[in-house]
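Chain nomenclature is as follows: A, B, C and D, assigned in order of appearance, with residue numbering initiated at 1 for each chain independently.
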Amino acid sequence: MILEEFERRVRDSFRRQAFMATLGAEIATGKPGVVEIRFPFHPSLTQQNDFVHAGPITSILDSACGYAALSVAPEGHDVLSVEFKVNLLAPAVGEEFFARAHVKRAGKTLIVCAADAFARKDSDEKLVATMLATIIAVNRDA
Amino acid sequence: MILEEFERRVRDSFRRQAFMATLGAEIATGKPGVVEIRFPFHPSLTQQNDFVHAGPITSILDSACGYAALSVAPEGHDVLSVEFKVNLLAPAVGEEFFARAHVKRAGKTLIVCAADAFARKDSDEKLVATMLATIIAVNRDA
Amino acid sequence: MILEEFERRVRDSFRRQAFMATLGAEIATGKPGVVEIRFPFHPSLTQQNDFVHAGPITSILDSACGYAALSVAPEGHDVLSVEFKVNLLAPAVGEEFFARAHVKRAGKTLIVCAADAFARKDSDEKLVATMLATIIAVNRDA
Amino acid sequence: MILEEFERRVRDSFRRQAFMATLGAEIATGKPGVVEIRFPFHPSLTQQNDFVHAGPITSILDSACGYAALSVAPEGHDVLSVEFKVNLLAPAVGEEFFARAHVKRAGKTLIVCAADAFARKDSDEKLVATMLATIIAVNRDA
């Protein structure tokens, strides 16, 4: 699919994800197979130590992997997350958090993506989590 | 730790998790090593198909595993999620969602927990996701 | 598929797995969806501490999950492991090691299995590892 | 630890891993934090389709991650695999198979490594599997 068409589809889909709005998240697409999603710090997203909860971080990692997979999925297919593993590498402390996903391998049915999540504080970026995910491409008309 | 003391600690900690309030989540403890967290359906938690996003489901699975681990952690220790894997088994459609975690093995430093998430619709309960998680016990004074 | 037919297919397939013979492994099937694979201790399977290496333990966990999935796969389909996660819970020390797998959820294309591995020493059985795995059913004629 | 000392320790440890000899595996170290393990094709390592079984591939991924972790572990510490996730990306067909691991993040107690496995056939290298692993550093005298 051409890049403009992909970007339009991603933005349309992302806008319909109410939970991404709940997180205050925004999406940026680059070359096919690479997607970035970010949200600013907000107290409503924290756990008991005032770090951001693993949930919002996992959510943008998962959605970034999903859209990266979508960019390489066959025409007329949607994508669904099958499973993912997350390693939490450092406390999610910062002003902004972003997940960057890329496609590791695209098969006909299954797409494997990897993603890293970073916390930005002042001008520092710190790796806070990493995901390895399996996504399935599903025929929209099936 | 005795059960009343554990329940008090869990409720105190859970109350300080702003993100659990954002999800509308509540916790129930049972015997040591078993924890349940639930939230009602809310449109703010959905993805593009109006199913609940994998993020909130993963969040209660993760927190349920964390509190299950806390119930068997040594005196004076807090717990942190090291990593988890989630399989998404069915669309998260229903009126209420709950995660039930139990301790699979408790070592001195690391605690491995398993958790299932269910969607409740009318009186049916459907398995929608399952997690296998590693948690570390950290000395609160270290 | 009827049980005798399943057992025959499993034994035929298992016999063709040269690596299972290398491990000295044997398979036992029970009710559909549950499979057990075991091997006796052998020095050729150890790591630097004389425990059995994680590799052989993971291998029987993976194969047990695969055959459990096969028992519920649609007629005319083979199965392939997509991915798995293993937690190593205790040193693999003992006279015999066995993995017991069951189907957690069977979809049309993907089957999710869980398996535990145990070490037997004298008459004690100790949980040494646990796996959560995703398997794909593939049409044999496709 | 200095590089020569690390290489010596890795080779000593690797030599004591009987299971690596069973696979016909060899190790190569490079800069600290990067390790490669390889084995040639052998019929004793195959599954029912004559591909190499996921077990040997996982075994060299796991051992490569362990030695990568060892290269950054504190003085006087050994390492143990806590858990890993493997995605199987393509059939393991070829003349030689190798796993290349690097350290993703090294904490005081836990070390997270990523590794890719490749099949070499003629002069082609194909990605066949990828691992994300958690390793714990354990004081040798504790």
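In this text, contacts are C-beta pairs under 8 Å (C-beta built on N, C-alpha and C of every residue); 3 or more make two chains touch, one makes a residue touch a chain.
Just so it is clear, the model here is predicted, and its values are computed rather than measured.
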Of A-D and A-B, whichever chain pair has more C-beta contact pairs: A-B
Greatest separation from chain A - chain, by CA centre: C
Gap in Å, rounded to a whole number, between the CA centres of chain B and chain A: 22
Mean-CA-position distance for chain C and chain A (Å): 33
Centroid spacing, where centroids are CA-atom means, of chain A and chain D in whole angstrom: 29
Where chain A touches two or more other chains, by residue: 82-83, 85, 87, 112, 134
Chain C residues touching chain A - in the complex, by the definition given at the top: 82-83, 85, 109-110, 112, 134, 136
For the chain B and chain C complex, residues of the former touching the latter: 85, 87, 89-90, 104-105, 107, 112, 114, 127, 130, 132, 134
Chain B partner contacts - residues on chain A that touch it in the complex: 13-14, 16-23, 43-48, 52-56, 58-59, 62-63, 80-88
